[in-house]
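Just so it is clear, A, B and C label the chains in written order, and each chain counts residues from 1 on its own.
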Amino acid sequence: MTIETFTGAKALLQKTELLFEYGSVDKTGIDTAKPEGLADSLGGLKRKAKPKLPALTEPEAMRHYIRLSQRNYAIDLGMFPLGSCTMKHNPRLNEAMARLPGFSDIHPLQPQSTVQGALELINSLSDWLLKLTGMKAVAMSPKAGAHGELCGMLAIRAALDARGLQARKKVLVPKSAHGTNPATAAQAGFEVVEVAQTADGRVDVDDFKAKITEDTAACMITNPNTCGLFEHQIKEIADLIHAAGGYFYCDGANFNAIVGKVRVADLGVDAMHINLHKTFSTPHGGGGPGSGPVVLSAALAPFAPVPWVVNDGDGFKLIEHKEGEASQAFGRMVAFQGQMGMYVRALSYMMSHGADGLKQVSEDAVLNANYILASLKDVMTPAFDGYCMHEALFDDEFLEGTGVTTLDFAKAMIDEGFHPMTMYFPLVVHGAMLIEPTETESKHTLDDFIKSMRGLAEAAKSNDKSRFDHAPHLAPSKRLDETLAARKPILKMAD
Amino acid sequence: MTVKFTQEHEWIKIEGDVASFGITAYAAEQLGDVVYVELPEVGKTIKTGDAVAVVESVKAASDVYAPVSGEVVEANDELSASPEKVSEDAEGAGWFAKIKLSDASELDGLMDEAAYKAFLESL
Amino acid sequence: MRYLPLNDDDRKSMLETIGVSNIDELFKDIPESARLDGPVRDLPLVQSEMAVARALGKMAGKNIPAANVPFFCGAGAYKHHVPATVDHIIQRSEFLTSYTPYQPEIAQGTLQSLFEFQTQVARLLDCDVANASMYDGSTACAEAVVMAARVTKRKKVIFSGGIHPHYFAAAHILADNIGIEIVALDPAIDGEKAVTQHIDNETAAVVVSCPNVFGTITDLSEIAAAATEKGALSIGVFTEVMAFGLIEPLGAMGIDIVVGEGQSIGNALNFGGPYVGLFATREKFIRQMPGRLAGQTVDLDGNRGFVLTLSTREQHIRREKATSNICTNSGLCALAFTIHMTLLGEKGLEQTAILNHEAAIKTAKALGAIVGVEVLTKNFFNEIAVKLPVNATEVVQKMADAGVLGGVPFSRLNKDAQGFENVLLIAATEVTTDDDIAELVTALTNALKGAI
């Protein structure tokens, strides 16, 4: 039986009113010292109208956010197999380290003699990233993956310009690429040329070759690619682009599959961003903050943006201006040194694992993905033959004729207690379902997941549509009307 | 009055030297619920194949190309407030704009209704 | 290894299910020459939690935290008190370990908090709409410049002499590569009004700042109106969001795009990041905005709910035609902002802002009384520029050696500005005490000994 409660609360699921509906502008959740009443120095620019910002006192605020929190799925709650996002366990040691006052309570522009430990940490993290990839230099400051892509592409632009090749504007990007790749290329002033894909889910090298012209500046290739496969012709691709005088940007979003197993430098890469919030376990935080350092080849290293850290024997120094050894730097991307809070977490994670642990990370990530692929391939349809790297990709062929779509299937997974996989990406696979378990799932959890996925696949095929229609049924909210939200945008609470 | 179609799934209705155009019912259905339309500016001179409008659903955005050359003389401003008209009546109330033709011979290269139907079946 | 649940028995049975005899068969697509035969060399092996904590604690111990000394650094990052509640809530698993809310049925916590964040930011800055955050203030400024060029279909952008040099740098590299012409006016303490005379019919935008990098606050209404008259957009930049608890917000001055740094509310100094970029504008530009947006809607039962909306602007749909390449933003920092703002409310915000302003007034007065020191900033919120009789970098180092973090030399931000070698930027906030100010005066007086 369904009971309508008098307030709308449902046991553990409490009401979640907007704070503007019950907060008050007449109260505050903080106590301050009393102002002295000095004459102001505002030159007549005192705020005229109140901002209409209500407050909640501390107990009310605590409840407001805890109630909201209970409507979120999270890694700490269950498996979050979101392909290309690497939702792995976020160790709490990292959080504790990032909150040491020596890291969290220091200003980016303090005299460098007062932040030697912070510069040492950045230097140490740089050293790990360089050793893990075999690359020549690293630009630490980019604030997320897409920002790292931009950094790499701007370094490529600067390197081409330095060679007098200003006219080179074309960037080859495979059709299966993540949307940030073409968006970044455009933002850096390049033009995108799409490259076809082969039937086995890799870059079509013949098409790649055919599309190289004297205008070609670079290629942007994700490896392992967005289909969860390693581009086994990667060295041929690198050789082709280099022979044409261009550069190889590698999207390192999927580094988790190969960290500690492969030297990126040996693949012919010129620039690759590393998402610290994927491979190196810094929390995703509901959509950031991230951090996207970019490792660079010798050809691109002189063009890295400022700032960077050097150790000149007399302590650590920040190179902050475009002069001296940084005279070819392409500029500065951000106000300060980048995502220090993320650096601390990532280094804490790397040190915990060690070189041996990181190798085990990629092996277990790939093992878990292949275990899922092997356990589901008889009831779902893998998009490609063979083994995968760290994520398993299925298409929606197994749903054909059932009336159930990839979206319905994903929403039914919510009822099963799992976060859905990435769906409809990559675009080159029809009804794509991209599953990335990561290495931090136990076999016990994977077996539960497989049980649910098999059950759903069989239910779809046996016409048991009730679990899919209007799913999810058991989530805190029912399916939301995205069309209404886009047609009549309401982006804030009305005054 | 004649109606013609393009391979980009636009229809064009010719009345004298002015033609109204929009996207076909097929295109509207492929796109899903339309949530937003960006219309061409009135007074703008356009060439066949120019991207002159944008039509968006929740998960997709598509450029709409000028089916013929000419000057934009009117835009269907009602679509700004009610983009759903494109989904509900793509080939009627969901028209995008009217173009004053600069070269009527361009119409010869377009499909008639029967040819467009055959084209759809071939997809 | 404590983060890896599989044991060797699991691995063996899983390999059997897959049908391979060892793990390396799954890596065979990788060219042999790039494969490693063992752990990466020259790196340490697995370490206990205790060992890692000890090593990192040692590094942290070599730095001087703001709380330990009289502290006056600002210039884009500010030391404020953040209530303990904020850090507790953002460490809740459901916020900390969730992803971008692409599945709204199980992400209403994140989505509603973003909707509340957007509302708070829009109201605080007095703008129609705000997005769900950018990386930081400098990148928000860069994105605003690109957006203005897109909206106006023009290519010239004028920067005032009061813009934070790092914000200029971040905007410059983004604009330069897509053919936007940049006009940068020379640094000037009261540098905003000078932009007006440069606005012409080719101008896409003017970028002005309030408070500016020298702490100066200026009424930008006339500049905004002048831009509008020429068909250009005005971009208003700030680095200290706390200011708007007390001073007129930039939206109310008629600024079209308001961008800046939100770190002061909810977020620690963190040596420069992560921070939270704020981005707000007029309703008519929402489809030209970069960044994510949470919007209100209903679910199948008719209950209110929230979703990410207007996604067709974004890279995952529009690809090379997207308004920006941004994907990950500053979700958790935005959450910290909104929790702190909820605790403050306008009452607490105004009280705190007044305390900031009073601390700055007292600091300015005390410094102005030192022989040879000239306070350059007339109207300010919590930050001032002072001119010293000697090179500011050397003075700051001497003060640091004496245990006072006494501000940021302007030349640290812009080395090439003529005549600014002796200019020191000094911020005071609600954490600044009278004793701190007295110690600053002593340290500065000592550092200047012999110079005057």
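Going forward, contacts are C-beta pairs under 8 Å (C-beta built on N, C-alpha and C of every residue); 3 or more make two chains touch, one makes a residue touch a chain.
Small disclaimer: the values here were computed from a predicted structure and weren't measured.
Nearest to the overall CA centre, using the mean of each chain's CA atoms, is chain A.
Simply put, of B-C and A-C, more C-beta pairs touch at A-C.
Remark: subunit A and subunit B have CA centroids separated by 38 Å (rounded to whole angstrom). Each chain gets one centre point, the mean of its Cα atoms, and the points for subunit B and subunit C are 44 Å apart. Subunit A and subunit C, compared by their mean Cα positions, are separated by 20 Å.
Shown for subunit C are the residues that touch two or more other chains, namely 311-312, 317-318, 321. In subunit A, the residues that reach two or more other chains under the touch definition are 482, 486.
Shared interface positions of subunit B, i.e. residues touching 2 or more other chains, are given as 36, 56-59. Of all residues in subunit A, those touching subunit B in their complex are 424, 482-483, 486-487. By the touch criterion given at the top, residues 287, 311-312, 317-318, 321 of subunit C touch subunit B in their complex.
For subunit B in complex with subunit A, the touching residues are 33, 35-36, 56-59, 83-84.
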